[in-house]
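Chain naming follows the written order as A, B, C and D, and within any one chain the residues start at number 1.
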Amino acid sequence: MEFETRIGKSTKESIEVHGYDLAEQLIGNITLADMAFLGAKHRKPSEEESQMLNALLIAICEHGFTPSSISARLTYLGAPEAVQAAVAAGLLGAGTVYFGAMEYVSEMLQNAFRQHGEEKSIEELAATVIKERKEQGLQLPGFGHHIHKPVDPRTPKLFALAEELGFLRKHSKLLLEMHKQFCEEKGKQITLNVTGAIGAIMSDMEIDYRLVKSFAVAARAVGLVGHIAEEIEKGRQESVAQQLFEYVENHTDYRS
Amino acid sequence: MEFETRIGKSTKESIEVHGYDLAEQLIGNITLADMAFLGAKHRKPSEEESQMLNALLIAICEHGFTPSSISARLTYLGAPEAVQAAVAAGLLGAGTVYFGAMEYVSEMLQNAFRQHGEEKSIEELAATVIKERKEQGLQLPGFGHHIHKPVDPRTPKLFALAEELGFLRKHSKLLLEMHKQFCEEKGKQITLNVTGAIGAIMSDMEIDYRLVKSFAVAARAVGLVGHIAEEIEKGRQESVAQQLFEYVENHTDYRS
Amino acid sequence: MEFETRIGKSTKESIEVHGYDLAEQLIGNITLADMAFLGAKHRKPSEEESQMLNALLIAICEHGFTPSSISARLTYLGAPEAVQAAVAAGLLGAGTVYFGAMEYVSEMLQNAFRQHGEEKSIEELAATVIKERKEQGLQLPGFGHHIHKPVDPRTPKLFALAEELGFLRKHSKLLLEMHKQFCEEKGKQITLNVTGAIGAIMSDMEIDYRLVKSFAVAARAVGLVGHIAEEIEKGRQESVAQQLFEYVENHTDYRS
Amino acid sequence: MEFETRIGKSTKESIEVHGYDLAEQLIGNITLADMAFLGAKHRKPSEEESQMLNALLIAICEHGFTPSSISARLTYLGAPEAVQAAVAAGLLGAGTVYFGAMEYVSEMLQNAFRQHGEEKSIEELAATVIKERKEQGLQLPGFGHHIHKPVDPRTPKLFALAEELGFLRKHSKLLLEMHKQFCEEKGKQITLNVTGAIGAIMSDMEIDYRLVKSFAVAARAVGLVGHIAEEIEKGRQESVAQQLFEYVENHTDYRS
């Protein structure tokens, strides 16, 4: 049995990745983010796709002191010799609660066109999707933010870039229309957050919604480098993880 | 107590990451790889640094069917709903055996200058380091490759880029000289592999050796997107993970 | 702020875990499995509960060469210095596909009584649950096995023990009745598998279905000791992980 | 190629694990901890071995609010649907800093007899090992505790059990003698901590030091059930993880 794969091919003298010679055509010619695109689509991105993808992944890669980065730092504190474990621990919290939204947005938007075709106007389709989700008891992902109100500063920036680069297409238009109708219905401005923008634009870049979270997780791994760097830089005793651990120890009755 | 951090600062209207306004100065202006640089050095890379870093991370991000990517695929097979777990599992094998070399190369090179100062000639220093490691019973990391002999195609490409972009500095020169002396001593051409090139050039970019592996792990997370994409694309029954699992089941006496 | 926890309390001289003195009342008096029970219920299990729980966890802890144990072995191959990462990688594939069933069984059974009360006869309730799930397009978890047909040898053993120890109660009776009706409907004997038995008996031990998988994951960690032990025992070159890795390398066109 | 394994063998009707019929000889007859012993030694433990092993694993399985359990809780907060990821994250911090000691103790003790044979008196051997480690700049693992001074309550309990059950053998005697000499040298009572006791007694049970940490990691997975149970019980808003996350958010300038 041979395992069929489009990942790569190699000989003694050369390495081919997704059909491109790694040394001659990829190294020095594309960006790291493009490698994820290549993995997903089996072709190099265009210049516009590369710019857009880098922008999207930058918007999501650093997310502050969430359970993810705190776990990465705490894991580093216990196992500094295995930095791969710290990064892994930092990714493991990327579940439904703090990370799923951009996947759900892209799923909702991609399914809207899959189920209802292309014939409805964007206005009609937006109304339909809102109505359907309400009937199914589902929330609208991508809306709301506990800090950035009424505007998430990343959202207009990403949509402006998408327009400039040619990715403000049907999925983005549908989400923007849904946002408009949703705010009208609520009678106030609800934040269209960064996960909404990313889910919509990734859909307009024709990235399958089942892959959206993989991109986001990879971007987060890049962001975790900064958190580990800070732990190293401050040194064990002054590190955020050490301070946090001490704080917890001093605020429970239990140390072992 | 306040946690001091240089990672970021945010208000209702803006997000600052490492001193830069995320929406205004980073999104659309830098590449994903630059975010790791920013995390490590608290400043945006120069154009040359960005190009070099992207090249280095591309060279390491996709590594074929190693224990890492196989574990990621197998984990995806069991838990497709938690793609973060698949990526994490794929990183966890990045330990001393298959992934440590670029860290050890940079540690060796950075320590060489730290311990012996800058006064010795590169020739003398190379001889000293080779001799010291031999006395300590330590191998020379970065040399040898089981497939790419006598040249790893990535190595000359990376050093050529490093020269062009101004990063062929003392650490790279030391490693190249060590390689020359080592081959002379062995009387044959030993491969200077990609991990050697990366460890040396990262050192010449002034990245602390303790952080080198974090960069590599983050790059690997990007590479894993392609493996997960292929699992999704082929579908469960045809996937590499499923075939592999069946192969193992059919070649042991034990199924449970 | 104090973190309220029932986990434990400690002083210079003593450690209390869930209200028991660790050195005086737990060490030497209970089994490892009982510690999970203690964590879940804040009391030591009775002798019968302890026997039953140990039996259930033994039935699930070793599961052969599934994606989980293969990932653990492969991760150990790459990072033998970080055995915690190997165990973790081995757990990460315990998702919906290969591990979820015992959780879904317990959820189904516990919800059946929660939603329909205690008034229906077991026969009626079984028929109702089967009908409801069919209407909702949901499979019946706990039924079927690709190898052990028509009987999973673990199932009658566990139910016999449950009867002997007093845990063959309403949840088990409901599942057994559902199994009977399901086989009648299909006109053939379908395996009632080990995950069904575990989910039912755990429910009869009054373990919340949301915790069932935690128990199973912990048991699996115990089982992984044997896999790592075998990797160590055989040595790198002869290990299953190494052979598997070589097999994959030799059956793709790609090595890097 | 067949994969040779001693893990198990199965047919349609039966499952054999390490040479025992799972349903007939293991389920209902041994404890969960014994399954780890079986994996390591390919035989069931004696009654004494089982009691001792359960005691050792109970002593280490619950360790309070360390980076490990905090990471598990935080991961659960973000990904409650993937409890395996929470357990895995909780294990990943089990590295050199907070968890390695029992492995290092057993390595030190087992190597002492391997290198110096059985001819020296325990007193001489203890003095030799202390002297050698000092010369090599190595610390003595197993000594000292930041809370339990001068006695770790678990240590005398475990050694008393070991004596009763016949496991107070040469490795334990060597460690106790080293402790005596070390305290004399320091002129004060230094704690002989629980990791020392575990490392010594596991050595006296003839468990290879390379496997000691696997046992400990598996025990910790069992302990994590209690932490996840508490998160579930308190509910998201009141959970320790949520409170901790909020605390961090409120004590940095950065939320994203």
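To be clear about the criterion, contacts are C-beta pairs under 8 Å (C-beta built on N, C-alpha and C of every residue); 3 or more make two chains touch, one makes a residue touch a chain.
Model, not experiment: these values are computed from the prediction.
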Interface composition of copies chain B and chain C: same or different, split at half: same
Farthest chain relative to chain A (centres taken as mean CA coordinates): D
Size of the rotation, in steps of 5 degrees, that lays the CA trace of chain B over chain D: 180
Centroid spacing, where centroids are CA-atom means, of chain B and chain D in whole angstrom: 32
Chain B and chain C: spacing of chain centres that average the CA atoms, whole Å: 38
Distance between the centres, which are taken as Cα means, of chain B and chain A, whole angstrom: 22
For chain C, residues contacting two or more additional chains: 1, 3, 5, 7-8, 10, 15, 62, 64-65, 79, 81-82, 84-85, 88-89, 92-95, 99, 147, 244, 247-248, 252, 254-256
Category of the chain touch graph - line, ring, star, complete, other: complete
Of all residues in chain A, those that touch chain D in their complex: 62-68, 70-71, 74-75, 77-82, 85-86, 88-89, 92-99, 146-147, 241, 244-245, 247-249, 252, 254-256
Chain A-facing residues of chain B, complex: 1, 3-8, 10, 12-15, 17-18, 22-24, 26-28, 30-33, 35-36, 38-40, 51, 54-55, 57-59, 61-62, 64-65, 82-85, 87-89, 91-95, 99, 147-149, 151, 153-154, 156-158, 161, 208, 210-211, 213-215, 217-219, 221-230, 232, 234, 240, 243-244, 247
Sites on chain A touched by chain C in the complex: 1-3, 5, 7-10, 15, 79, 81-82, 84-85, 88, 92, 248, 251-256
